[in-house]
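One structure follows; several queries about it will come next.
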């Protein structure tokens, strides 16, 4: 028996790398597969738990909504494990605006409330549904999608992604919240100059 | 403009295969990547919604718990999308017994109640936490893990997996719920003959 | 020697599946990995060649540009090989409008002319360059990007993707070229009603 | 010709990274894709050879068996190459107890002797075979499996895995060889208290 | 308890697709992920065993060697499982000539005898070793490599691959065993005309 | 609105790792997934552009051809993005000799000129085509292939690969441009001693 114990110890003890997980050291340089692993000796059960989704996000903002992520940057235990999650709080009238996740499919579960959600395919077909408590919808990777509170009461959804770093590109921020010139935006989106400048002004864009 | 419209149509119309998704035809033969795709012309928004998690599972059973899956077999819209989900209902005293998912990492979100959950690593280290409403825990792929109701009230968790077919191997069913001979089980688990036969009898195993 | 010849033949002859390639039967149902393979016995050298990029696309349209794809639907030899290509013709003033490829990174080579191209990251940072003949730019997977003729003469670019089905979601078509209701678009994009209706009218959208 | 030589040298000489392999520096922090690469200049033919499987493992232990791994921790040349191997020595009566490899499929070749081996599927079906010299069996990823000497003489098997770090979770060690409390084990496995405590005592578990 | 049994059955019984494996129907059309799955109801333990490596290959040929594959075409149980194996018999003087596996890394274990084996990297560096019984060598994916009997006695090696269809391109057959014209071969290899024609004649090539 | 801005900043600002890209620090040790990421704060638009393909390669050499790569070592912005490119200049009579890319499929576009190109499958079947301006050919991963100028004028092709490090093994350099002994080469290729020594002398090989 001692022999087995010794063997099993031998398999893993000489290594900085656990076979099963790789809790991120977020401070070092990442690489295409994620972050460097913390030594397994310094990993505890707490590293696999994230408490930051327990509290509602602050929906006192112009979208009356909040997205609280539990991606690898917030939850280092997810590094290399191919999954992440987030909570969506939607006050009455709240909306998670049109956005994409460049690196992951999303699945959404309605914890409470009523949510209208949809995505648009590469063939330009919209797929829109109104979901009630306990219902689930999937949003294929990289496609434009949105979520809107469809009831008069607060709604909560939990979403999961098949990547620890799904990325998040919110259309309005991508177009109007940076220094991309109005001329370029107009030429590539067919939006009117006044419209572009109005939204740039709201979202802090320049140029 | 007609030219663009034509082009975009051309990209996808001659194909039985949407670029973005592949809603499963469950009846045909599957293959290692999943199931054949239903024609995009026959796909509707409903195919991306699953309502089967809205109702609680029946926990009137010896584990006082129920697992309700939304895997590709229940939710064909997940085919090829690399994700799935399930609900866990835990009545007071309920337990989801020791099990593995051979093909996926799991992430769990507590909708309500209090749950003690844990997994055991390849280095035989247990990582156990007690989770409250809104807390999240991750279970790396292929490792033994469990969930137990840790409060006196019903608990609900939503779990997600980074595969549409995570698989599910419940330890007791794998060992005692089939025709694997008692002699083989005893030899490979060091369990006593009486113990093996007792559990075989409870779980319907033979041999 | 006969023995070897026999062996090598044996390895592959009994199979409908070549070890190296899988030229698509486009008519059957696809699956998440692509299309069924044509029998290797029916595959010829021509199946690995695509001539459809030799002629310029028709740029007599409102964008003064044309995208001619060589994806698996046009070029069945690419099935399962993880790559595809396309040509972009940009007449003077031409533009490939803001779009994404949900399933692939793109690399662009300027065959002739001058092209301003850019993408916007998940962190909302624009990365814009003006490229001359022979210069190359990469567009990471799933991010909004565009190409504009930056000279007074026609320009040609060849782009490649690391998927046989990169997908193509053109922002304006996704938003304005379908039946997504104006109210939903406005709520999820912050665009003005007049702007939405104007573009719906140009791009054939309803609702 | 000098030009070609120069070109080929140029392709690789400025890099710390060989295109083909990445022999591990085991001491540094790993990451989800494995370990950092040793400089190709310091790599020799010996780095691709492992001699540690040449000697039989010591089977003088309670399982009359030994598993000698050639995983990336023992054989750094495997880093990033997607494969590993191990030898199983089974003295008469020997058994490799019920276990899983969370991250790899296993293929087993009987070098000599007679071995009964089996796995249990997610559908709880056991697949058991008795193998003779030269026979091969495959064990799909993440499923419980075992190997038993089925003859009266020593047996040797060589197994391979499609990962340099397949992981190894031996059921008895996972359940009884650590500090997981007896109460938790009993609740999640339905095993009797006496059984759990007996095995904990044998395998060095506490709690 | 009946409830659990019912649930577990429900998870898998309505499907033609087992969560864990996909034994190939070799006769139908393959696809990029492999072959269609046989119904799990028709799968038995025998499907996971291959006996074809138990007998030595016939080495009475000009290379005094034989390669006996257990790829998915010979061993349908490997379909989708990411692994395969083969046996190499090397009579005295035997050689497995220079070849590549386009789709897999190879790991070799010497069952008996003495074998000189080597591969050549993309940087043109040869890595050559002489291996004795029980020693292991790895050959990274896609690189030219070879095995030679280095003793005066028969040698046997077992090799494994991290793909069920590793492919096999034997250099001499690729160059000289088909209808590729002598002129093309000479132009692309710098080999002399007499040399090319001599080997074409031995290996059955035309042109 | 400030809340959203804050949130989006929060998602990415605390990290050394952009969600979308990972521009390589080439100097550090690589790992199986590529190189460490430069901090996103130090990344500019220029990092996604490569100008090194704008000038023709020098074809004044014995093959009258030049391959100019834009792999991750030359173009660090490709790190982790799964794609790369190269230009092939073929003077009249020029040839890119028989070679493989162990880690990628290649797609070729003829910018100008006429090129005969071909590959040989694992089943030893040659697939050869003569391509004109604008035509495209695909070469499946890991297979021997070549390109020859088939006109009397210079030709230019742009090739792309589905890996940032496709690797490049030129048959003649692999066999004759290093220290692999003539005896080993002859034994594993069936080439005559005089032929081997002649090519070793041309290509700088020893042994």
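Order of writing sets the labels: A, B, C, D, E and F. Residues in every chain begin at 1.
Following the convention adopted for this analysis, a contact is a pair of C-beta atoms (placed from the backbone, for glycine too) under 8 Å apart; a residue touches a chain by one contact, two chains touch by 3 or more.
Given the structure is predicted, the values throughout are model-derived calculations rather than measurements.
Chains making contact with subunit B as well as with subunit D: A, E. The fewest steps needed to get from subunit A to subunit F, moving only between touching chains, is 1. Here the chain-to-chain distance from subunit A to subunit C, counted in touching steps, is 1. Of the pairs listed in A-F, A-C or C-E, the one whose interface repeats that of B-D, with over half of its contact pairs matching by residue number, is A-C. Comparing the residue numbers each copy contributes, subunit C and subunit E share less than half of them at their mutual interface.
Taking each chain's centre as the mean of its CA atoms, D is the chain most distant from subunit C. In terms of their C-alpha centroids, the spacing between subunit B and subunit F amounts to 42 Å. Work out the mean CA point of subunit D and of subunit E, and you get 22 Å between them.
With centres set at the average Cα position, the gap from subunit D to subunit F is 35 Å.
Contact with two or more other chains is made by residues 8, 11-12, 19-20, 28, 31-35, 102-103, 118, 121-122, 124, 126, 128, 140-143, 167-168, 170, 173, 177, 202 of subunit B.
If the chains shown are joined wherever they touch, the resulting network has some other arrangement, not a path, ring, star or complete graph. Each chain pair that touches appears in this list: A-B, A-C, A-D, A-F, B-C, B-D, B-E, C-E, C-F, D-E, D-F, E-F.
Listing the residues of subunit B that touch subunit C in their complex gives 1-5, 7-8, 11-12, 14-17, 19-20, 22, 25, 28, 31-39, 79-80.
The part of subunit A that touches subunit B in the complex is made up of residues 8, 11-12, 18-21, 40, 44-51, 53-55, 70, 75, 77-78, 81-85, 87, 105-107, 109, 111, 118-119, 121-124, 126-129, 131-143, 158, 160-162. Interface residues of subunit B facing subunit E in the complex, by the touch rule stated above, are 26-35, 58, 60-63, 66-67, 69, 71, 73, 102-103, 165-168, 170, 173, 177, 202-204. Residues 95, 97-98, 100-103, 116, 118, 120-122, 124-126, 128, 140-144, 146, 148, 167-175, 177-180, 184, 187-192, 195, 198-199, 202 of subunit A are the ones touching subunit C in the complex.
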